[in-house]
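Mind having a look at this structure? Questions to follow.
Which chain is which? They are A, B, C and D, in the order written, and residues in each are numbered from 1.
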Amino acid sequence: MSNSLGTLFKITSFGESHGPSIGVVIDGCPSGMDIDFDFIKSELIRRRPGQSKITTARNETEAFEIISGVFEGKSTGAPITIIIANSDTRSKDYSHITNVYRPSHADYTYQEKYGHRDHRGGGRSSARITAGWVAAGAIAKMFLKHTNIHVQAFVSQAGTVKLETPYTKLDLSKTETNIVRCPDAVVADQMIELISKTKKQGDTIGGVITGVVSNMTVGLGEPVFNKLNAAIGHAMLSINAVKGVEFGSGFEGAIMKGSEHNDAFVAGEKITTKTNHSGGIQGGISNGEDIVFRVAFKPVATIMNEQETVDEYGNTTTVKGKGRHDPCVVPRAVPIVESMTAIVLADFVLRARTTKFEA
Amino acid sequence: MSNSLGTLFKITSFGESHGPSIGVVIDGCPSGMDIDFDFIKSELIRRRPGQSKITTARNETEAFEIISGVFEGKSTGAPITIIIANSDTRSKDYSHITNVYRPSHADYTYQEKYGHRDHRGGGRSSARITAGWVAAGAIAKMFLKHTNIHVQAFVSQAGTVKLETPYTKLDLSKTETNIVRCPDAVVADQMIELISKTKKQGDTIGGVITGVVSNMTVGLGEPVFNKLNAAIGHAMLSINAVKGVEFGSGFEGAIMKGSEHNDAFVAGEKITTKTNHSGGIQGGISNGEDIVFRVAFKPVATIMNEQETVDEYGNTTTVKGKGRHDPCVVPRAVPIVESMTAIVLADFVLRARTTKFEA
Amino acid sequence: MSNSLGTLFKITSFGESHGPSIGVVIDGCPSGMDIDFDFIKSELIRRRPGQSKITTARNETEAFEIISGVFEGKSTGAPITIIIANSDTRSKDYSHITNVYRPSHADYTYQEKYGHRDHRGGGRSSARITAGWVAAGAIAKMFLKHTNIHVQAFVSQAGTVKLETPYTKLDLSKTETNIVRCPDAVVADQMIELISKTKKQGDTIGGVITGVVSNMTVGLGEPVFNKLNAAIGHAMLSINAVKGVEFGSGFEGAIMKGSEHNDAFVAGEKITTKTNHSGGIQGGISNGEDIVFRVAFKPVATIMNEQETVDEYGNTTTVKGKGRHDPCVVPRAVPIVESMTAIVLADFVLRARTTKFEA
Amino acid sequence: MSNSLGTLFKITSFGESHGPSIGVVIDGCPSGMDIDFDFIKSELIRRRPGQSKITTARNETEAFEIISGVFEGKSTGAPITIIIANSDTRSKDYSHITNVYRPSHADYTYQEKYGHRDHRGGGRSSARITAGWVAAGAIAKMFLKHTNIHVQAFVSQAGTVKLETPYTKLDLSKTETNIVRCPDAVVADQMIELISKTKKQGDTIGGVITGVVSNMTVGLGEPVFNKLNAAIGHAMLSINAVKGVEFGSGFEGAIMKGSEHNDAFVAGEKITTKTNHSGGIQGGISNGEDIVFRVAFKPVATIMNEQETVDEYGNTTTVKGKGRHDPCVVPRAVPIVESMTAIVLADFVLRARTTKFEA
């Protein structure tokens, strides 16, 4: 397994859905930084199950403890370890799938790869472990705060309901005012309605999250194999259920002409661009414009209807979802997208301190 | 900079567009493997400039030399270093942009990040360096050959011309029969016509490449931060001009229901799935189905028409492409996509040897 | 900070001397391996403070919990996290050194490097954290067991008392029969007497530990920058108070002639060598002979006599040890040396699975 | 294989003794640094074979070329690749050992590990490849120059001839005034005489090199697994023929008492220590005192007298050195020790830029 991410600001993730706790080690957080415990809490709350009628009913308080790396409220430079309890597990909800492969879950691939797996709640493949990522993301955001870099994500699509307004015309600060985390109240209501309806049908839907990083520093990114887009893309594709990621014009850019797509530079106090089809990254390095990207999530694999499948012994069988599950992951995935982005950026801000000779 | 990729099968890239040569070091290639020099040559030829009327006229013979790691035709386990000459550089074509930032190129970001850059032909940010990646990819393909894993890519979109037929209904072996590398001859002609027309206009277009990996081993991928999709995605987003990547259903999956999207398992000699919306990867691990992904390329930034821009001193100016450039990168990017995929897979095949206890 | 070690069998250490607990994450332990909880316990007991009259009186029961990566008694391939409680901390013993730099401790360097440090019990610089390394080492030893590789260490010098008998003439299984961990009972008694006497004087002494790895696999080691000796040496120099490491003939080899030093190969069922001045490693790769190395430990820096020093404000002051400390670390460092060696070897055994092509 | 070293200032080594050339890629050298080609040349000359009557007669001019990463005399931040030709190889001198294992060489271990090896001149296991390390070390020294950190090594022992004067009483600038690189002229003559005599006997001797780093920055080192001593130790143990390394008091420290060994802090403009038994490193971090270490080299394995050995087929046979070899490696290893030290320090200087929060 590869459970570490990053070079200088490096996180190591551990834990399973139904173990006693999950957690994260953050190695490389600079020393002397104020650690805001309430902020970590509030970020975990944004991701927590049971937060609204359109999420899973698993009820985690997300009680956490920092067991290393912080002294008298400040980081010491030592690894920061955060442990988050799994307090509301119902492992018996999973006893029927001990030996059955749920379609489009990781049961089969984990079994084949490892030969021995913790099936309870999906074990290591559960999105439960992203709580640790969000805790680490909270630390990363604290670090980024002093650079003014601001990371923000929102739901831009839930199933067939799509937010068409460009983000620059939206008030992103309204994202947290509704349970689906869409900054447009009207579209948010449509999304909530669709998710609620889907839930009643025992079915699920996918969606898209848009990420926007503003007040960007120019010069973040480490070509040629750690380009900023490659690193953010890597982090996004590490999130459960993500099937695609695009930057700036993305797949739409394929049909544009160079004369349309090119972002003309504009002189001024600082150099800017007229358009931002590049999504704030050129040659793998940030150019100071907003970093804009979209992340596609497939529909949740656990549905409440019966599906054909196969068990560990190769027999055909059926399976039906039990337990408590999200009908659509994107509302709760917003803080995950933000956290993973912040973790990557914190690493690159530190990397950028080492680029130039400066005799 | 971060110029290495991979954990066990690791490549280190070096060189600039107008330096004496570019190259690659491959560290971790298993020993005792026959090195097929002709195959390296043929792969380089697929990527080389000047190969057809729809590519740049820069005429590289791609003469290469293996200066380490191979003895009596076989790998020794020592790092394999391949040097490829830059023989047809015309640095004076770039003298007009010594201090000018070409729109949507990496001139501005490199200058801001490094303070000192080789502007000739884009220097380190040039796609010229992907010749080294293709040489490394050829080695990776030789290694994969013994596992039967087969990596194949083709152009599925050039500007507005899109190949709508699903890849399973195409004969992918026909990909190399035309200069645009689209396996459907009719669509290929349309693409070639569009690219030719665009070239005459002094403009450029983008496109999409589809990658398909068949005969996949079950169990490749290293959760949770080196999932197979994350690693391939990272590699794709490292390629010049790539703005997006999606696996299986990708962005389309967002509008599907779970009941539609789930890939039902089917019993048999080996377990398969009825559909493949997962794109061959579940929980970050290959499930034995074809790995399918799409890679979006933006239009080439160098156009032959005048554009507004800014110079290093902050003055507004204009710039116009000189020299020899591709009107559309996707035909030549096909071997690059394949190579980067093969490099990632070689790494994961080696990783997979270390997963289980096997007392 | 850099708190991870290893490539495939990788440990991440965290925790401070007086935090709630310390621990370790082991990423890359192969799946399906039986985890022997009693063995972990017994290894921790070998390292634990308060184990005898010649060690510190800090009384830790070394209660530990595995919070991830193990299911139904077997490893799952997921990261294994082990948490060990700090139950007998007396932070007030350190209040007098909040702002004072103890000579030859890490107080000054941590303060200068990080600006903010946990001074209690030495914080992150305390040898307390090696409990986590020993827990990880126990897992590594379980893994090595199936290869027959056997790691053993013993005290070969305590202050001026030196064990002169070559290890091949000793019964190493007697190492654990005395509290100083020297396999020769007579010399052990001399060592115990010297340590006891030194303790009464409020002073401390250093020592040397010899490591022997038997039943070695031929071919472990990754030249040229991860040679087996470099990796073991790195691990040894990571242990608190270690000032030197040597392999085979070591520093004595400098005065030998090539004709004396060379280890003649001997034909047989397997190839062996007549002598073992190489210490079982040639060209950075194991040759199947015993790996033999010696590790030098300086005397413990905390002494009970008054010493001149400087405080954080640059003022001259004095400091005197309080609290509970070891008069000599080597008896308790034996399991640490073994653990770090086993961790390195587990990594290299996995690496060796990826060396050859094996079509 | 693992042919890269370092995190931020990272080198990748490649090449074999009798290939067309050997070389190094330096990734992470900050941009905008003047590259002094003459200095690289002069460092290579210090290491080159054929430099005096007490070294091998292989006559390399060490012609090198920088093929990437430098533009208009300055580093660009792109990887710097340096290629050094192998111009004076005599592969036939090795034809008699194609299938014979030379005692205490790496022939047997390479053959067992890789199954296929380049035997000519030792192939990848040859010290020839350290020329690349010295070239990289020259770049590292250029970088360190602006920090004032000064790396210096000298021969302190050749066989039985030992320099007893402490380095603080020596004029280290005289090191290069004699061919053995010992700063004391009288002892140097004794060393030269011993080496010459040994050479005539067809035999070889070992030796010790002392490294001294002065004007050290306080705060370099990354606990707990990349302590400065562990990283330097790792680098030293990567050098061919090295069997041991010790810092400060080293193995002698084992017999000292804490009250003798502790380095009392002394107030002043900057904090210093009365003694330096710590060798300039406390808790894995530099304290500003000189870093002092000793590196033990075994005698050269190639001797001109007949030795018993075994061939690849397991038959007993004999072997005798042919070709051109050093009777003692330490004179030529001085620049190698310095280079590897400088490479490690450059990495840690960059790392140290990322330690603190600095809002």
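Heads up, the rule we're going with is that a residue touches a chain if its C-beta (ideal position, glycine included) is under 8 Å from a C-beta of that chain, and two chains touch if they have at least 3 such contacts.
Fair warning: this is a prediction, and the values are worked out from it, not measured in the lab.
Student: Listed by label, which chains are in contact with subunit C and with subunit D?
Tutor: Joint contacts, listed by label: A, B.
Student: In how few steps can one go from subunit A to subunit C if every step must land on a touching chain?
Tutor: 1
Student: Between A-D and A-B, which chain pair is linked by more C-beta pairs in contact?
Tutor: A-B
Student: Would you mind checking which chain's C-alpha centre is most distant from the centre of subunit D?
Tutor: If we average the C-alpha coordinates per chain, A ends up farthest from subunit D.
Student: Using Cα averages as centroids, what's the distance between subunit B and subunit D in whole Å?
Tutor: 39
Student: Using CA atom averages as chain centres, what separation in Å is found between subunit A and subunit D?
Tutor: Measuring from centre to centre gives 46 Å for this pair.
Student: Whole-Å distance, subunit A centre to subunit B centre, using C-alpha means?
Tutor: So the centroids are 26 Å from each other.
Student: Return the residues of subunit B touching two or more other chains; collapse runs of consecutive numbers into ranges.
Tutor: 1-4, 7, 13, 28, 31-32, 75, 77, 113-115, 124, 355-356
Student: Which of the residues in subunit D come into contact with subunit C in the complex?
Tutor: 1-5, 7, 13, 101, 103-106, 108-110, 112-115, 124-125, 129, 157, 159-160, 198, 203-208, 218-219, 221-227, 229-231, 233-235, 237-238, 242-251, 253-267, 271, 273, 277-279, 282-287, 294, 296-303, 305, 307-310, 314-316, 352, 355-356
Student: For subunit A, which residues count as touching subunit D in their complex?
Tutor: 7-8, 28, 30-33, 75, 77, 143, 146, 350-351, 353-359
Student: Within the complex, which stretch of subunit C touches subunit A?
Tutor: Residues of subunit C touching subunit A: 1-4, 10, 12-16, 19-23, 25, 27-28, 31-32, 65, 67-69, 71-72, 74-79, 81, 83, 113-118, 123-124.
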